[in-house]
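Both complexes below contain chain A, partnered by chain B and then by chain C.
And then the complex of A and B:
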């Protein structure tokens, strides 16, 4: 009986592909837009993810994200080291500066000063050279997105000289990092070197990165740091979330992407609803005939559900494949660097597809269920 | 659909299978592409509290290694050209050992002059003594003659005067001798002051002068001290403790100290003393322009014998704290804030 329903559905190729297109299109729209949205706002947390060793971030109580920060006195490092449960703590400097390139251009850059001795705070991987190049005099490491922004004509960044706050800086390596929300050029250097590159203010230490002793939780140690030092301490997850929240609160991105997702949903409902209704109406005689030979209403509901399930499954699959192809195709583009599809998003679009089909199927079924068997003769 | 066999339908069979394969590939891609958000272990060991300190209350600080005597900037009492340098950086010197000599030709010339004056004074004394003895013999001769007519009265007066004059000439010559001797001794003192000696036994840490350079009593050129020395056995380490943490510090406890960049080289340092004065912190970059408002308590610890520490090196230190609990809030300020 269900096979008959499937044959009935695929018999009309135009309407079948129309339905597939509707579902595939809304799946693609919802999945792809949500993916870009999630990845875009996660850029707010890239600073946190680029320092893979830090389990706890300690900052001044008014600091909000890795980029919205307020510096602390240099002894904050010792205060954090004094807290039980802190295995290690290292200084971390984040500041903005203007850099003058060899060609004389001025560019705003983010300076990240990592611990001199251990280089904690550097991204885990390097594209070119090793982290140890920072021990060379006046060495900085640029992020791979920064290479694209600063050297548009494809020059080799290694060995390029820059001028920072009247000081010489030489690019010695390229780090493999997740770009920030603004895709700003990032220069990594040693903490003591960064102090020279950033114009002097009294306090410079913006963050203290801390590790947690075995057997302690990051959240527990963060609470203890707050209690003992009066500074603000956040775990890696909390601080990443703070970066995301900051973008959500301060930009129109969620609204814009929300509108697109709703549009995708509406388009899906409209196309699928219309086509499905038309399809059912066309086949109303067949349903009448089935009723006349004694097929029950519940059997008919089952048949329509089977049709909806096939359309939904194939259309959804096409939509997801489309999104994956899109992300895969653009993975080489610096703007899309680090983009991934969170596994929750296909599930959300699956739920959206189910809702679309449930709504349209229910509307279409109403007429079938009310059909008199006699209608076949009319 | 003519391309397909008779009983196979594209839309009923092939399309769903393709969709199924596609979704499996997509799922595989999605799960393999999820970003790695896990934390990683630091590649190099950062400084950390170990042993019993790891789980108990502690105070951390950064410090500088210094000689037990602190660094002595050797000065020069007199200005002049350096003629000889007797030490090199790293030398061990005993107390009183000459470090460098300042040009002493002028002082030596004065010494020669004074010595000549001494010889002259001695000659004058001899001459005066001879004259005195001649005069006194003459006077004695006159006095031994009993006959008053044999010698005139004026002869006797002249002889008496000669004897007195010879005595005072001897006195004058003696005074000139002691003046010349004093001048010689002054020249000797100056020669002594032109030799700069080690004030204590210790190690020469820096030598910033070379023979031929001019040393002024007002410090050297470029503000560098001429020679820096200090007692480096044992080495001390001056640890800065934030004034907010200072109250928790357990005075007298051993500190765990490790040099910068080699956190695994931990040594136990013995407490020596805490400086009575809390001072503004300065040692982060050692730059003169650095402005800070943090005040620190400086605590001095003695390092055990080790080749890993050098004077001026930065260290990280962990010291046990007094209590386990968090600091009690200051009651009076809270009341004020509530008002």
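And then the complex of A and C:
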């Protein structure tokens, strides 16, 4: 009977494709929007991920994320270095500045000052040149996403001169970095040089990045730093999560994406529910005849379930393929750099599809089960 | 001719609710349907003939009364037992055929076999043999909408007989056919559906085919007013 059920469904091409469209569209909307949401909020942690050597981030107690920070006195660096379990500690400066490009445009940029000697605080990989170019006079390294924002397509950024808060800066390399949440242009330079680029205030050391000695845990060392210095110290994972949490708590993004996901679900229920109901209504005489002939209700349930399962499986696969295609197609766009589909998201979409089909299938099934076999004689 | 009783209906009463009021459609009908006969149930619209055969073939519960089909008190069976009883013993031919539009004639005719658990291909083969007997074997691979009304009727007949039921129930089998086609279908039904161990009940008000009946039950206002081999003179 399942074969008959499937043929009944696929034989009505319009409704079959309508059902597939409903499920695929819902899956696409839910999967794609959740994927963008997760990748977007994970960019709240990009500042942490772009400094892979740092095991512990030390900051003023009021600092919350890499971008929401409050500078500390420069003596904080020595205080951290004196804490047992700290193998190394380097200064890290993060500030914003305005840059005037060669064409006269003004652009807000993030200045990141990394340790002069070790260059700790730089992204791991470079797209063009090496990290050592920072030893050249007035050198800055731009992030690859920033190249798209500051320069016309195809224009080579290497050697380009910028006016950075009235100071001269020359782009000497391009870093392979994870874009920030705001996709702001990022310029990496040595800590000592960064002090020249950002307006002078009494305290300008925004973070101290630390490594822990062998046998120590980052969490244990962080606790010890807090205890001994009164500063705030978080492990790499804690600070990355703080960046994500900040976006979740302080922007309307979760609400907006949540609304879209809910709309995807509602649209799925509406399209699939309506089409499935129409399909059942069109076939109610046939179902009634089957019941009269001697097909049990449990077999009817099996038939409708098989129809729902087919629509669900194919529609879901199309939706997920659509999402993968979308992410793949836009992978060249700097905004989508590094986007991936966490394995949990297809599972969430699958659960949504199952719920959609359970609701609509149950509604459709009710009318079939309530059909009296005797109605075929009327 | 084997004249054993296939259906024994006693004291059949059927009421329907219409808003606040109760309408009695059948008023204590006692009748027997015999194997080896083609029995017509005739009457005006609203006389209760469809209700009566629905009850006699186990798809509508009587308000009161007892129905034995081949010795089984069908309304004492559980729901599942009754469904299985219908599947094993009764073949249906519906007025509007109710063929499944997206499967071909052979598969439509094979539905009762598939419902009984037979694999698709053997079921189709058996159905095709029957379609050939009904002279539409060459249409076996066509969808219902590619068949004429008469051909669809034959597919419906094949579906009713493919699992070799002991009781065949037909609802207005000639209503959608012209006179000659109607008679051909009835001849065909007599040929394939009437057998010594099989009963055939036909609900009709098509007076063009009354002469083909072995026995005619006339219903008026939910009561059997005539039971004989011919129609009464006043009809």
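Criterion: the second predicted complex is superposed on the first by the 367 of 378 C-alpha atoms of A that agree within 3 Å, B and C clash if a C-alpha of one lies under 4 Å from a C-alpha of the other, contacts with A are read in each partner's own complex, and residues count from 1 in each chain.
Everything that follows uses one rule, which is that a contact is a pair of C-beta atoms (placed from the backbone, for glycine too) under 8 Å apart; a residue touches a chain by one contact, two chains touch by 3 or more.
Remember, it's a predicted structure, so these values are computed and weren't measured experimentally.
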{"item": "First, second, both or neither for A:299, with chain B first and chain C second", "value": "second"}
{"item": "Partner chain in contact with A:87 - chain B first, chain C second, else both or neither", "value": "first"}
{"item": "Touching partner for A:10 - first (chain B), second (chain C), both, neither", "value": "both"}
{"item": "Of chain C and chain B, partner touching more chain A residues", "value": "B"}
{"item": "First, second, both or neither for A:285, with chain B first and chain C second", "value": "second"}
{"item": "Which of chain B and chain C A:277 touches, first, second, both or neither", "value": "neither"}
{"item": "On chain A, positions contacted by chain B and by chain C", "value": "7, 10"}
{"item": "Sites on chain B touched by chain A in the complex", "value": "9, 11-12, 15-16, 19-20, 22-23, 25-27, 29-31, 33-35, 37-49, 54-62, 240-242, 244-245, 248, 260-263, 281, 284-285, 289, 291-294, 296, 316, 318, 321, 324, 326-327"}
{"item": "Touch list for chain C against partner chain A, complex", "value": "50, 53-54, 59-60, 79-80, 83-88, 90, 92, 94-96, 98-103, 107, 111-112, 114-116, 120, 159, 171, 203"}
{"item": "Chain B-touching residues of chain A, taken from the complex the two chains share", "value": "6-7, 10, 13, 16-17, 49, 52-55, 73-75, 77-82, 84-85, 87-90, 115-120, 124, 131, 192, 195, 200, 202, 211, 213, 227-228, 236, 240, 310, 313-314, 316-318, 320-321, 323-324, 327-328, 338, 340-343, 346"}
{"item": "In the complex with chain C, residue positions of chain A that touch it", "value": "1, 3-4, 7-12, 283, 285-286, 288-297, 299, 372-374, 376-378"}
